[in-house]
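Following are the structures in question.
There are two complexes below, and they share chain A, which is joined by chain B in the first and by chain C in the second.
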Partner chain A sequence: MRPRAWIEPDAPLLRRVAGIVVVAALAAVLVPVLGSNYIVTFSFQFVVWVALALSWNVFSGNAGYPSFGHGVFFGVGIYATAAVLEHTDAGFLVAMLVAGLAAGGVALVVGLGVFASPRFKGDLFGLVTLALAFVVTTVVSNVAFLDGGTGVFVREHTRGLWVGGGIRHVFVVGVALAALAALVALATSRTRWGTALRSIRDEEAVAESLGVPTYRYKVLTFAVSGALGGLIGAPQAVYLGYVEVGAVFALNVPLFVIMMTILGGSARWWGPAIGAAAVVVLREVLLGIGSPELSQIVIGVFLVVVIAVLPQGISGAFDRLRQPGRSGVRGASGVSR
Partner chain B sequence: MDVSTTALAQTLLNGALLGCLYGCIALGLTIKWGHLGIADFFHISVVLLAAYITFTLVTEAGWHPFATLLVTAPACFVVGVASQWLFTRLDADDTTSLLLTFGLFIVAEGVASQLWSADLKSMRRDLPDGLREAIHLPAPLDRLAVTPPDLLSLVLAVVMVGLASWSLRFTRSGRAVQAMRQDQPIAEAFGVRAAPLALAVSGLAALSASVAGMAVAVKMPLQPQLPLHWIGVVVVACLLGGLGRPLGALVAAVVLMMLQNAWSLWFAPQWASAVTYGVLVLYLAAQPLSRVIRERLTHERPTRERPAVRSLA
Partner chain C sequence: MTPIPTTRRALLRHRAQLSAGAALLLVTSACGSSDSEGSTTAVPDAKIVAPVAGMTCNEGTKPTGDPIVVGGSLSLTGPLSETAKVHEGVAELVTKWVNDCGGIDGRPLKWDVLDDQSTPAQVASNYERLIGEHVDLVMGPYGGANTLAAAGPVTQAGYAFPTHTNGAPQELIGENHFPAWQFDGTGDKEHMFDAGATTLWDALKSSGNPPKSVFYATAKFPTTLSLAAAAKSRFEKEGVKTTGDVEYEFGTTDFSSIALRISQADPDLVYLGGLGADTTYLYDAFDSIGYTPRSVFAALPSPASLAGLDDEVNGLLTLSIFETDSALGDTDIARYFGKQYDEVAKDDDLFPLIETQAAASFAAWQILLTGVVNAGVDNKAIIAWLNSNSVDTIAGSLKFDGYNNYGGDINRVTQIQDGKRVLVWPKDVAGGTIDYKP
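For the complex of A and B:
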């Protein structure tokens, strides 16, 4: 029997790839040239969240394993970048690669352990990844090489570098990484890889019995998702200028990412990007309130309301509008478009 | 470093008693998680909110801490029933309900800092004398002492965990809860009324939060971020003790806290909180090993007997 091609090339796929590349290239050129500092800063935060939400969805959304650990991968990326810039003469690209590898490595190790037991799915998987956040926080805040409790001034080490030359340069890196995340997200919606992941989400035992190597898929995809989260941590470290444990590993990060994906819906690969837009705007509005406690309450209530009112997210509602009578594509079809 | 036997014994004793407090907090969580399938972080927040209400009633209205249960227990019961109603109403799966409880968790933290501010709140000065002076243990162990709040945690843990374990095992409703956990449709076919039972279990679990909250308020200064510090120990205790087993969670919490306290005698105390996670990591690292062993075992005995009710499903 002839093995099926891993990617089935088709015209729409190529068109979408070209679309992502063109949009990213336009954004990388037009926003820094035309936008004010405020616009570029806002756009940078937007692309960071888009990249985080898309990369979270690559594993957690597709395979149905909600991870609370995405903030950890992001944070590991930030700290790896800070450590490389602080302790070596290597450039930003090397730091970024190390960030991706470090976060991917953490995800790989965790995945190897967690996915070995069929018990760790659903809420248990969520909790284990949450515990990961506490473990990594303790390690980073106690190891002097990384932080040791004092924080790291990344700003001092990026002065001579191209990426240290202002928010516009950081934004270009951010856009490139968001495009990379979008391409991976697109890949998971159109290839056997994605179909395998969705078969795990729909009925893992059946998928396994039909010959899908679920363990391998889960471990590797989790690592890819974590590596993407780590990569996007690199420009974030430069953007922040000063990194410290409390802010970097705050639980807000995974919560926002999950909220974005729920709000946008994971039925379509671009759903999380829509959700990211909505949440970034909400955050900006809440900053105007001036009371962190109050905005925390609003965000929590917003999360509960979103789950209650829009279980399939905006992209799911979009499907329902286009095809009345069908309840979204989340069902057993195993295909997302 | 040399550590005297007395210091070690006192440290272990303190750890065990602190573990009892965590066991009280974990009780409701492990019940809801194991039997209702909801990993309810919000439960930990309810403990803190109950502690804050206790604090207010004791410091502002001059109530005895025990009397505050008259207010907090019914209030928590209602909160527990209401949250379960919400989960049932939304027909939430594991993941969704975890997210919901997380949403409620951060709302509760915001509410606590809004109402009681982010400062430490201690009601030590307002406690009755009987709850303040340390008690020395009788003769052969007279160099060891316990504080009344710790003793209170011990008594409450033994009573609540004992009651919960006993009623799960020996009462009709308790057995109905267990049946519901094994297979809800079959249990319902045998006459278990799942919906009201789940509401009642959730309410009782939240009621245990009011008692735990009172013990917390008596023992330590309150602060809105406390649940974030508890969550690790409590969740790991629930996992290690076996979900839905109150006694398991209590024992695990006691062991964890004794380990953690003993650790800080010899090693840097800022790493102490890593002990809990270290235990969890070891537990996880053992999973691939146990997977291999399990697969070997199932290969050798392909017709392993399974509980009848499972194979029916």
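For the complex of A and C:
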């Protein structure tokens, strides 16, 4: 492998960083000012799913280790926030940091153990992360400090806090975290870090033989991905107002995240954001058709059709339109767009 | 699952498989099943009357003008859909009923429901959407977490918030909250479930053979944990011995180890703080070890699960706020509701029995409609009126003057007797007497 700097600060990269910051800043100002409560609420859900999908892709998409445990990190973040707000006088920022650290810590511990053995690849890794959901759910529902099965009423602990001042404040936090997830996702597309992850996905043994410290990359990136998932759990706890185990650790969270990433395409750092946008908007539009069963079936069929017609997801189609004849998938040492 | 993909083609194939799996799960989660076996509640000759006191029923008069739109979010798909569809059925029923009566002040009633897919996050968004669309009134969603998720936007927008099944009554919503499933709000929030426990104890005591020992098996679910804690405290105060106390994860289906522990303790009463089909699973586990419990109380079982157990659950006790064969069912409104609900149950494949869910759902509508009849389509006026008056509902007269706008506890005790549900306590509304000899 060609020795490269950790980050290659080129003009396109700086433009993209600036683009993310500007879009986030505009959204944080314009949506709360111009949007109705419904628009802001919808936009908050939008940025939550974007952040979750982007953060899932940071590890699972880049390294080729599909995790079914992203909902756990999100849930750990929600419960960590609830616990800090319920049991301490620390503000929301502290709660959010604890949420990120707690979720990242769980991911780190799991990663240290799981990636130590080459057996835990692919499907087995997926199963381990799925089992993680049951373990964490059991812990949370049995530890009274966190929940104990009775649920936690977060809303009564956010009264008087800035973030408890309404959905507009929660949205601003959500946008900031989605921007952070986007910046991290962008970083994986332009750095040696991302190249190493993709080499793991393409051929881990070869990457290892070429000197890529695959264990270190996997452990740390899984922790970063988990921490981002946990961070976005913090505003979600405030938004929900009341959290209980069954709803927080529902399996539909990782399911939707994976679906969004596949739909948007995991080969480009921004693909999951497009997938999240497509699913969230489609779901909201279909709410109005008056047939809930049909709307879910439509989403499922839409997913299958997109995969059949656009195997690299929606972002792959964008690339094909922009540069006809060029394959959009990167090689092991390639740079993601 | 397939091995990890190492080539582009394999990667794409792997994604397609993941996608197909995700799509299949979405589709199956959208399609619930429903057990429609059971006894009918129909009263074939019931005549139409106004659904609430103070409203006139002008049968045959077609309502005109702008509809009064009531918006709501229900879990029409996902894990909560089975029960939420009861509330959807009742909402459709009430809307048709009001319009068959000529509407309210001549205006038709319209029900505008959005599916929240059993996720509280979507519940809050749905209410914001409905409020943004300027619905006139709102009806609460199904379940405690969903109710509290909805409470934020609904309260902020100044709407009256009738709720049918808020299982987390101790969490403060506000003066706009009008709960149909009432717990005791006359004291502090720590003791809201105590009155229900007293009702259960009084029912058992009235048999002349109250239990001397109890084994508690409780689902880790907010409402059941609160109910069980209050019952245990009450029973222990009465000198009843606790022979076992286990909590199990919500969603547990294998009760064999719990059944074994119960059989070893052989208590006078098994207190099952369970929901849904937990009772079925526990009885299956009893069957497999050949144990017959002396007596069982099940907190929140689905009516279908009890009906499915036939004679096996004769004598079983449960909580309910309403039974058709009780004093509460002996009104023209209750009879007509029973007749209409039977038709809705047939059409929507619901279990044809009115107990807590359907009765609370109708009672919530009665609360809202009574507010409209007396204060007009004005949320501020409705809130003020309901806060200073009581409302006659199918579940009894309800007040909103205590903690979190709860009045007195309306949980009652029902017993399965010869395959039928009989409300046995309190005496003033009972349809029969308890038969309890553990």
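Assorted remarks:
Quick note on the criterion: the second predicted complex is superposed on the first by the 293 of 337 C-alpha atoms of A that agree within 3 Å, B and C clash if a C-alpha of one lies under 4 Å from a C-alpha of the other, contacts with A are read in each partner's own complex, and residues count from 1 in each chain.
To be clear about the criterion, contacts are C-beta pairs under 8 Å (C-beta built on N, C-alpha and C of every residue); 3 or more make two chains touch, one makes a residue touch a chain.
Since the structure is predicted, the reported quantities are computational estimates derived from the model, not experimental observations.
In the superposed model, C is the one of chain B and chain C that contacts more residues of chain A. In the superposed model, A:27 lies in contact with neither chain B nor chain C.
When the two structures are aligned on the shared chain, A:131 is found in touch with chain B, with no touch to chain C. In the superposition on chain A, A:258 contacts both chain B and chain C. When the two structures are aligned on the shared chain, A:311 is found in touch with chain B and with chain C. Look at A:114: by the touch rule set out above, it reaches chain B but stays clear of chain C.
When the two complexes are overlaid on their common chain A, residue A:47 makes contact with neither chain B nor chain C. Once chain A of one complex is fitted onto chain A of the other, the partner contacts of A:139 are limited to chain B, with no touch recorded for chain C.
Note: residues 64, 66, 122-123, 126-127, 138, 141-142, 255, 258, 262, 293, 296-297, 299-301, 303-304, 307-308, 311 of chain A belong to the chain B contact set and to the chain C contact set alike, using the contact criterion stated above. By the touch criterion given at the top, residues 33, 37-39, 90, 92-100, 102-107, 109-111, 113-114, 228, 231-232, 235-236, 239, 268, 270-271, 273-274, 277, 280-281, 284-285, 287-288, 290-291 of chain B touch chain A in their complex. Chain A meets chain C in the complex at residues 36-42, 45, 48, 64-66, 121-123, 126-127, 137-138, 141-142, 148-151, 153, 155-156, 166-167, 201-203, 236, 239-247, 250, 252, 255-256, 258-259, 262-263, 266, 284, 287-288, 292-293, 295-297, 299-301, 303-304, 307-308, 311-313, 329. Listed in rising order, the residues of chain A touching chain B in the complex are 64, 66, 110, 112-114, 116-117, 120, 122-124, 126-128, 130-131, 134-135, 138-139, 141-142, 251, 255, 258, 262, 293-294, 296-297, 299-301, 303-304, 307-308, 311. Residues 1-6, 8, 11-12, 14-16, 18-20, 22-27, 29-31, 76-79, 114-115, 117-122, 124-126, 128-129, 131-132, 144-145, 148-149, 151-153, 156-157, 168, 171-172, 220-222, 225-226, 247, 249-251 of chain C touch chain A in their complex.
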